[in-house]
Each structure stands twice: as C-alpha cells, then as structure tokens.
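Quick one: this structure, given as structure tokens, is what I'll be asking you about.
Labels run A, B, C, D and E following the written order; every chain starts at residue 1.
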C-alpha cells in the first residue's frame, strides 16, 4: 500500500537514471548506510566486529568483485582465492619493501597487482567458455597456492612462510580497535560499491552483460569481446585483490598461504550465487548468508544445550549447510536478491495478489 | 559453590586430519575429566569447552576470538595447528594470552625473551629433526659424509619447519639434503617416490599429515623403498597412520616426545574412573595408550600443572587469569617424582621451564612399527644445542625485527 | 632410460586412476548437463560404506568367507549409492529442471557438503582400510634389458585394466542403447526431453546410480591404495584437468585425458620440478589442460560447442 | 465467453476449465482459460504475441514447472481424468505430446537419433521401426539429413524433426506450438497437409497454437481466439474465418479484399473488443 | 515508392562461397544492394539466407569471394569493423541480451558511440553522465517509434516473442545504421503484428533513408514492400530481380513459391 512509485514522476532522464528510482528505496538506503556507520558502533561488541561484521564487509567486497566477472560478464571463475592472495601478498610486499608506504597505497597496490594477474589469467577466456573456463581458472588458484608457499620472495623471505601486516595507519589515524577496522572496511566497501554500481549501469556494464548473454550478437553491435572480457577480469580482480589485501591486513593480521585456498574461491562463488548473480546487493546478501549461517549453526545447538559432540555438530552443520544451499537454489535459482525483488514486487501490488 | 576454571579446547574432530584430531581431543578431555573427578585443580573444577576448527585457520581464529574472554577469561590456548598458532601468536601479546604448542608451533618460539606468550613445550620440529638425525648417525656410526637424506614434506608452513635445521645439520655433517615437497593433501605421490627411487637417498624423513602418511608408506612399499629407512615426525607416527598397512609398514620409524608404548598409572586411573563408568570421551577404552590419545593427556596435564603452578604463587582455590597462567607455564618444574605422582612416570621426562627457555625439555626417542604396533626402539635423544640454539636465536631475532617486538630481558625477571 | 620409462609408465598408470574419477564427472555431465562437483564426495561416501560394511558384516552376520564379505559389502554399498541417487533426484534435481548450468553446479556443491557431513556421521571419521586383495609389492619387468629392471606397480596395473573395462562398457552403453540416447538428449535440453516423454526422474536416478557405481569402484581402488579417509574426496581435484582436457562429454576422452595428464604431470614434476622448487604437478596439470583447451576449447574429444545465430 | 462448450456430436478428449497460470509467483498470465478439444478434431488457438497460447499448451502438457510457472486455479481433464499432477512422461504414455515452440531439437544428436528419442516410451522394436518409416515417409527431407547433427540443419528441417520426433511417440493428441514459424511457405503448406493427413488417416487429435491465422483456419475445425490471457472468441473455423473482425485483424483482409502491406503505414487500427 | 530516390550501389557481394566441412552453405553468390532500397532475400529453409547475412557482417568468414561496402572491398572483416562502418542487423532466432532490460538492450546498440572511458564511467561524472543522457534520449525516441514504452524496464527474457523481435530491431536501429540487415523479422507474428512491423521497416527506410536487406518467408510482405528480391536455393542464386520478375521466374516457383503464388 505504502510502497508505490505512483505519483513519483520523472521529468528528466537524469532522475530516471538514479540508482534507486523509487524514493522509498532511496531513503531506505540512506538510512541503512547511516545505521551501518553510526548505529552499529553503538552496540556491537568486539567479538561481533571480528567474527561477523569485518569478515562480512570484506567478503561482501570480494563477492562484489567476483559478481562483476561472473554475474555481469558471465565468465565463471574458481580462482578468486588466488586473486585475493595476490592482492594480499602484493600489499604486504609493497609495505615491507618500500619504506613509509602508506597503508591505503599498499592496499590499492595490492588491487593493481591482482588486476594484472587477473588479466593474465583472463586471457584464456577469449577462447574457452563456460565450465571449461571455470575449471581452467583453477590453474590460477593452484599456481598461486604453490607460488606463495614455494617462492620465498612472495613472503619477503619470512622464515615460516606465514606473513603478518604492520600496524594499520592512515594519515596518522592508528587503526587498532575492531570498531575502527570495521569503519575502515565499511567505508572502502561503500566507495567501491558505488563505483561498481556506476560501472555496471554504464556502457561498460552493458558490454559485459551483452557478452554474458549473447556474445555473437554483442560482437555484431560492435562490442569487442577481448576488451569486454579483459576489462571485466581487470575490474573484478582489482576489487577482489583489494578485498584480499583487507582480508590479510585487517581481518587476519597474519596469514599463511592456506588462507586463500580453493575453499575461499568456492565460498565466494557460493556467495554470489546464493546472493544473486548480476546484482550488487546480491554480494551483500550472499556474504551475510555465509558469514552468519555457520555461526548460527554453531551457536544454536550450543544455546539450546544439545548434548552433541563437537564432531557431530560439525557434521550436522555441514549437512544443513549443504541442504540449505540446495534449498535456496530451488526456491530461487537467481538468488536472495531476486527473492527480495519478488517480495518487493508483491509489496508494490499489496494487498492484491498480482 | 565450587570455583570453576574455564578451559577452552580447540580441536579438530572433522576434516582431513580428523583421524589424528579425534584421539588427541579425547586425550585432552579425558584428562580434564579425570582431574575434575579427583576434585579439580586444588578444588577448582575445570569447565572445559570444545571448539571445532577443522584444522582451518580462519575458524580457529574465530574460536579464539569468541572464547578468549568468555567465562572469566581463558587461561590459554592450545591451537592444535601450526597455521592457527601463527595467527594467534600475533594477537597473544596484545590479548595477554598464553599460547602453548607442545610438539609443534614456531620452532624459534623456544626463545622466551622474544616470545613471551608462546610455549612450545616438550619439543619443536627442530628438536624432532635433530633427534632423527642423531638416530641415523648412530646407525651410520657417526659418519654421514656423502650420504643422502631426503625430506618428503607437506607443502605448508608445518612441513617446511624442519628445513632450516636440516640444512644446518647437512652442512655440519656433510650429507646431501634432498627436498621433496608434496602438495596437500598428498593422495597422489607417485612422482615423489619415483624421485626417491631414482636418487636412492639413504634415509627419508617424512613431515606429513593426514592421508599423506599412509600414502607415502604405501608408495614406499610399491617402489620397494625400505620402510626401516623412513622416519616420520611425531604427527605422522600414530597407530592410525599405518594400522591399515599392517605388515607393509613394518620397520617404519617415528620420533616421539613421549614413551608411546608405555602405559602409566594415569591410564589405569582413566580407565577405572572414567571408561568403566561409561564417562570416557573416546568410543572405547581401546583408545587408551594410543599415541595421539596419550599425547592429548600429556598436553592437558601440562596445562593443568601450569595452572597449579600459578595457583601456588597467586593463590589456591580460585581460577587463574591468563597472565597468571603464563607465569605458571614459565615456571613449570615437574620432577621425576612429580610425574610419578601424576601417573606419567616413564611417559614423559621431567620438565623445567624458565623465562629464557619455553620448551622445558627437548628429549625425544624413536619408535618403530612392528607390523601391529609401535615399539620404542631407541634411547632418549636430546636435541643438540650447538645446532639448535643458534638457529633459535637467529630466527627469533628475525621475528622480533619483523614484528617490532622488543625482547624482554630475562635477567631482570626472577 | 630405465628411469624415464618408469616415469612414463608410472604417469600412465596414475593417469588411468584419474580417469576413473573423471569418468564419474563425464557420465553425469553427458547425461544431464550437470557438472557434478559432488563426485569426490560420492567417491568418499562409497569408499566409506565399502570399508565399514566389510568390517561390520562379519561382526553382525558372522560371515567367515572373505569373498562373501566383500561381495555383500559391495552390494550394500551399491544399494546405498542408489539410495543417494534417488534422494538427490527427489530432493534436488527434480526441482531444478531447466535451470542454468551454474545453478546446478552449485547445487552439486551443496550435495557435496551434505555427503561430506553424512559420510563420517554414519561411518566415523577414522582411517579405514579396504582390502580386496590388490597386490602391493612391485614387479620388475625387462630386467634383461635394464639393470634392475623397470618397476611396475601391480596394483596400478589392475586398476588400469578395471578402468579400461568400465570405460569400454560405458561407451557402448551411451552410443548403442536406448537409455544412452535418452541420456544424451536430456543433457541437450531438459524440457524437450520431458516433452517427448523421457522420464527425467528415472533417467536421473539411473545416471546418478551409475555414477555412484563408478564412484564405488573408484573408492575401492583408491581406498585400497591410500586408505579411506576424508581426503579421498579431494582426488576429484586431480581429476578435473582430466575431465576438461578429455572433453566434458566424452567417455573415451576421460581415458585419453587421464593418460596425458598423468604423464605430463609426472614428467613435469620429475624433470622440471627440481628447477622450480618442486610440487608443481598439480598446477602443471591444469596448465597443461589449459594449453590444450586453447586449441580445442571443447576439450580433445568433447562435443563441439555449437553456437549459431 | 468463458465456458466453452464442445462442438456437438464429438467425444471430448481434452477439457480445460478456467485455468489460471502464474509465472515466478508474481506474473499472472492466464486469467481463466477454458477450452474443449473433441476427439479426432483439429482445434486452433489463435492470438497475438503474449496472448498466452504457449502457456496454455504448457499447462496441458505439464511443462510449466521447468519455466517456474504453475497452474493456480482450474482443472485440466484428459478423457475425464484430472491430469494436472501427472508428469509429462505420464502424459506421453497416455498419448499426449507437445511439440514445443522454437523447435528444441537435441543439438548434439543426429536427426535420426533425435527421432529415436521420441520412441523412448515405446518398447516394441517393430513398432519403432514402423514409426520411423512413417516419419521418413511424411518428411522425406529428414531421411536425406538423417546423419547430420540437428544443430547444423536449417530451421525448416529442425521443425520437421521436432514434429517427427513427437510422432514417434504414437500420440493421439498432439499439442503443436507454432508449427509454421520460420518455415518457407511451401513447407508450411506441407506441414499442415501432414497434420490433416495424420488427423484423417490416423485419427490423431491436434491442438495447435498459431499466429498464421490464415493457415490455421483453413485446416482446423474449431478455433479459439486469445488475447492477454483470456479467450475472447471461439467458434467453428469457417465461422471465424468469415467473421469480419477476424478478417480484419487476423487475416489482414479488409472489406475490399487483401490489403497491401504498403498501405498499412497510413493508418493504425485498434481492436474493438479491447479496452 | 516514388518519394525515395534509390541511389548507387552501397553493398556489393561478389562470388561468395561458404562451406562448413562438407556442407556447401553458399556457392558463388553475387548480388548488389543500392542505397535506400529494400532488398529481400528469399529461399527455402536451409538455402543459406542467414549464412549470407552472417558473411556480410563478419560472423562467418566465407572461403571465397569479396564484399564491397561503399567502395571498400574486403573479404575478411571482423564484426566490429562492420559495425563501425554502419551495418546493423537483427537475428532470426532472437539474439537479445536476455538478462537485460529493454532499455539496456537498446542502449547497448549505442555503445559504439560512447566516448568516455571506464574511469569516467565508474565515477559517473561530467561527460560520462551527460553522454548517458544524450544517448538515453535517442533510445527513448526509438522506444516511442517502436511503441514499446510500456516495457521499458522489463527484462527482455520475459517479453513475448513478437515484442522481443521489436527490441531486436530497436537495438539495431540504435546503431544509426546505413544498412540494416533483417533476418525474418516477422516470423511468429500474426497479421496485425506483421503489419506493424512492415510499417516500421518502411518508415525506417523512408525517413532515415536506411538501406534494408530483408529475409522473410511471408511472400505477401516481401512482394509488397521490397524493391528487388534475390532468391537462393541450396546455396545457389536462382533468381534476382523485381518482385514481379521473381514471381514469374519458373525456377523460383519450382523451388520455393509453389504453384499457388
């Protein structure tokens, strides 16, 4: 009843091209962002920051990056863990090897390195498609796993093969409490999400989607597959690499090569599929699902005092997790974002069923 | 109302390494239960809680973060994983949280001046490797010149830990060290063992984990490499690693930090006080005396003793804070007599830690698979300090520099 | 020279073992267009059933004969795999008809998670052995030509033969039978297949059961080689390059792909590895597959990717 | 005009009663469609794009689920039996087969293999061979291309393949969705001939959705006209063909004979019965 | 018909042959297209009509022959170059971007004209935003023209077939082409819709002067609106000329039209 766009007339194209043409949506988003920055810090505990909020925001960022590649450009990748690793290790090296390297530049540098790596491993996509490409991107994953544990220079000759980040500092702001870390990653996320949204609703975004949906037709209207695919790889790996650097620097602090293994790649892919391919909010939904669900699954039996052994709980968790994935895919193969859109659609026509 | 000491236990009962993780966790729990059954630590009951890591660093860190502040604070973490140790070691000084890693962890964390909060009690990978080399030297009459020794290792920080020591040893003794990494999980090792067949090393060290161990032993069998010439680290030398191979693994050696075959009074106590009453953690009492299970008991015992030591100083009948327990770890002193009283006689050696020395003792011995069980076949070896100590110093200093740690001055600590 | 031959032989044998796993992938893909990431989990589950029932059956039934025990254990395990196939169809696939390949792929990942939990829950998480009497000791051939002869693992040899037989049988099945044809039709277009009366449900149960059977054979062979434990499910990762190299839709491709990958991987590790620091075989296998794909994007024997406008 | 009545004299094979279809839980497409198909008849559903013809056929053959659509109201009866819950395969066993819009041949199978998949529900080898012969007889073109992969045959050949494949199931009710689309005029003629032939010789009943009103009304006995999810008109084919509205809007014939396409740009008409 | 002045040869196809393995899709085909005319290609199914279009706009590479466009001759050309030269097309089996809305589909037809780089697009400031709006205005005109205002934001996958065909046409129009290749734009439409489509085609042709190459099976349409017709059969050209000439060509009658027409 109240959620209607009736009466909101667009008198020019600029207003029609806003990200959220429906005014209610726009206000809701402002409120949400304000809440994320201002209200959350009022009640979140350190544990909540560290176990939920920070990983959630960073993973959402990585998922956002991957969604550009998979959701928008249609190139399935199982190598996102590797791109994160490149970002993290590159940022680490930049900081270690160049004295006085500011954190932000190091993190951005991580993104840039990941971008180069991504473009390199994106080249096969010009020939190989679909599931073949998906499996082929595993080459990037295993190569990076190997490189990180085998090439001493990657870890700056760290004795153990595990590396750790320096004290986080931006222009004299020492970022040490979980709240500060959260605000940092949240700010970065918001900026990148906005940029990404702009990209996908601009010409380049249409090129990506065109390549995804029908590449022959895209070529016929003058889209160069090479440029479209590689630019998607570049933008996507840049964001993923950046997320990787944040994951290493802000979330983990110290990490070993296994922190960015195949599991991570799969998880990210899961996130965007459960969340919704080809939508920015899908990354958020997916990341939330993936961060929250295991915690809920661990805490619930604990809270209701089920006398199960940890092993049993873990196995049952695995099963529930697997079952839920299938369940959500059945309910809505296009992800939580679409489910949400459908709900909104219903709301718009409420109280009528259609 | 009885006082309670909260003790979080990171475990991995699932995942790739569950076969090792399960008895290890059961051993820890059994000992806590025994202590509780006997009235707790000076009357303070242990309130233990498991957290499943699946040997995954991220999940381990999550457990750590969640548990460190609960129930009045955790008295320290035994991470059960090299990766989690790395991650947690960075946070420990800030959180003032002891991290104890008996038989694993960072080899250089023996140095208590740099690593105030780490306690790699009983042994590190360097001491393990050193003992193995000593055993080999004994077999070769003290001369390894011109010999070849291969290290087949899990390609991870864990597998790579012994390399610096082996390199130092190779230089000193004049043997050739062949490094053969195996990519996790190691279900397929044909090329590794073909290389071994080609290069014919005189001995092969195995730094493996999970499925990698039995696969390696089976490949050795399939390529005809004598099992007597293989030495596994202590995480590759549990019954379950070779049980299914049976006779095929006969002769396979492993280094151990405690007396595998021995069953002490504590085993009997656990049997009668827990398992006979149906309160044991493992499925059956048959687990008692198994290598990993016993190791879990030893580890739990060390933790309890550290708490006890802390109580001696800071006051009995109450739970200890992490900082107090840290003091306890640093001032452990278990004599032969103490161990006997605890029922661990003949299982572990006396241990004494200090501000400088966080390992306590670094003796280990070799056990061999006789086709159905592991038998201890060597005497105790102590790691050669002339080799290990400089390495510890070098690596600890490097760590201190990397992390901006200002080493404590132990002469100022009493 | 002898060593080189040994390496080649070893590589080819390993390749055949990979082919077995790859076969499971190809079967399901070819027959339903689903890239089944749960194949590894199915291998583990099947192997666990086999290992545990081989242990339990004598305890429960007092069966003495080893062969009876094995036969019974195998029958029970096969029944379990069929049951799983049936459940997967009922609860998952049936509701995902006509969805995009990537959604189906994710669903199989969900199934993999589920099985990874269910397996150890039912059967325990220890290390179990499967002993079907595979010989463990090596044999040496051509001793007259090369000093010391060439080492051949008898166990691998047996496994290779079994793989060959399976592949031959399945190839025939696909090309010649009514069901084989229906399976290929389903892979091309779920909806059209439904429209002409091919019962998707039954077809899927059949395919997944056959894939379960292949998983069982794979599990037995791999399990008897390296023991049954959780990591067994990870052999799937070694089979993926084989699948794409051979072509997702080609049963013989699984064999050829396996041979190429096995060989390439061993040669690279032994002759190239030492210069790069070792441990290169896993990514090398993928790079090798990638290199082939650049020339034939559908894999060596895969069906040509058709796009017409 | 909602409750259609069966044309007098014939037994009813299919009766659709006020069905409503919703896609994706929100898109309401059919708003109460009823129709009746007599045994041995040829019934045409006519109507513009998006009217819901395909959806009606899908609802009958139960192929909606794969499109995330569902029948939310109404009933569908085949010879008096409710069939909403049956699977498409069950329906094929009962002799109902749909030829889907847009051909949908199995791209990687050869033409002959495509045809043979149609005989999946048939067990008798002799019967299958006979059916195959019959199809080749109707479509000699297919015989010449029997070994080429379906994806590489032309649109017309694919359409024949799809129809032939359906005939391989030995159906007694065929739901034919836009058989003429993309076919050369000669072939369209041919296809409709075959439909008529099968109808008269083998007593196969046809329910076809068509845009080509001209052709459809020429060959069908009875027609339903659909607009935006509703049946707006129905009647005997001849009656419809001579109705002036139908003439104007669906046949392009004004009061003074066929209009040239050249002239349409000058004016734009609206259907009278649509608001 | 008289208002348009048919110009010079704009597109000249010379001796094109195209084979797929053993299948000869096109054999030695030559024909030309004059500026501003409506040129139809007809022929039975599988004659090679679509393949011909595919050769012209670079999707297929013919083994032999050359194509001259505005005096420039080429035998191998990639699709982008063709697009840049001002050739647009629609597809027989709908090759729309299914996941995108109607507006986005048509906007993508303007991508060639977008000048701002990826960074500007990310920031969406200044020229990038202005450009979006300018092109959007153009696209809205096309939408009005094709009378699909109501479906602006609908994902094209959900549109009925006939509307999808219009969107396909809209996308091609957005490229402001000089030559427009239409592959069966009226397949699957009823009379009224065909009339609409014919109207669009003629208006495009007359008002923008766009040259049109049309493949269509509806002889009514072809004969009514085209200036000249090429007839293909089994990859060979069997007729070429005005509708009336073609209609009376015995080869064409035998191979395609049948007796009735």
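Just so it is clear, a residue touches a chain if its C-beta (ideal position, glycine included) is under 8 Å from a C-beta of that chain, and two chains touch if they have at least 3 such contacts.
Quick caveat: nothing in here was measured; it's all calculated off a predicted structure.
K.L.:
Give me the step distance from chain B to chain E, shortest route via touching chains only.
P.N.:
2
K.L.:
Which chains are shared contacts of chain A and chain D?
P.N.:
In this structure, the chains that contact chain D and also chain A are C, E.
K.L.:
Through how few touching steps can chain A be joined to chain B?
P.N.:
Between chain A and chain B, the shortest chain-hopping route counts 1.
K.L.:
If you average the Cα atoms per chain, which one ends up farthest from chain A?
P.N.:
Max centre-to-centre separation from chain A belongs to D.
K.L.:
Please identify the chain with the largest separation between its CA centroid and the CA centroid of chain C.
P.N.:
Most distant chain from chain C: E.
K.L.:
At what distance in angstrom does the C-alpha mean of chain E lie from that of chain C?
P.N.:
48
K.L.:
Averaging only over C-alpha atoms, locate the centres of chain A and chain C and give their separation in whole Å.
P.N.:
So the centre of chain A lies 32 Å away from the centre of chain C.
K.L.:
Taking each chain's centre as the mean position of its Cα atoms, how many Å separate chain C from chain D?
P.N.:
Roughly 44 Å separates the two chain centres.
K.L.:
Taking each chain's centre as its mean C-alpha position, how far apart are chain D and chain E in Å?
P.N.:
Measuring from centre to centre gives 29 Å for this pair.
K.L.:
Counting only residues that touch at least 2 other chains, which ones in chain E make the list?
P.N.:
59, 91-93, 95
K.L.:
Listing for chain A: what residues touch at least two other chains?
P.N.:
142, 145-146, 149-150, 216-217, 311, 314-315, 318 - these are the residues of chain A that touch more than one other chain.
K.L.:
Note the residues in chain D that touch 2 or more other chains, in rising order.
P.N.:
Those would be 27, 152.
K.L.:
Within their complex, state which residues of chain D touch chain E.
P.N.:
23, 27, 46-51, 101-102, 148, 152-157, 159, 178, 181-189, 211-214, 249-252, 258, 260-262, 264-265, 268-269
K.L.:
Could you pull out which chain D residues touch chain C in their complex?
P.N.:
Answer in residue numbers: 61, 63, 65-67, 87-89, 91-93, 97-100, 104-109, 113-114, 116-121, 149, 151-152, 162, 165-166, 168-169.
K.L.:
Applying the document's contact rule, which stretches of chain C touch chain D when the two form their complex?
P.N.:
97-98, 178, 181-182, 184-185, 187-202, 249, 303, 306, 308
K.L.:
Note which residues of chain B are touching chain C in the complex, please.
P.N.:
13-16, 18-19, 22, 155, 179-183, 185-188, 190-192, 194-195, 197-198, 210-211, 214-215, 218, 221-224, 240-241, 243-245, 248
K.L.:
Quick check on the complex: what are the chain E residues that touch chain D?
P.N.:
On the chain E side, the touching residues are 1, 20, 23, 43-47, 92-93, 158-163, 184, 187-196, 198-199, 202-203, 217-221, 224-225, 256-258, 261.
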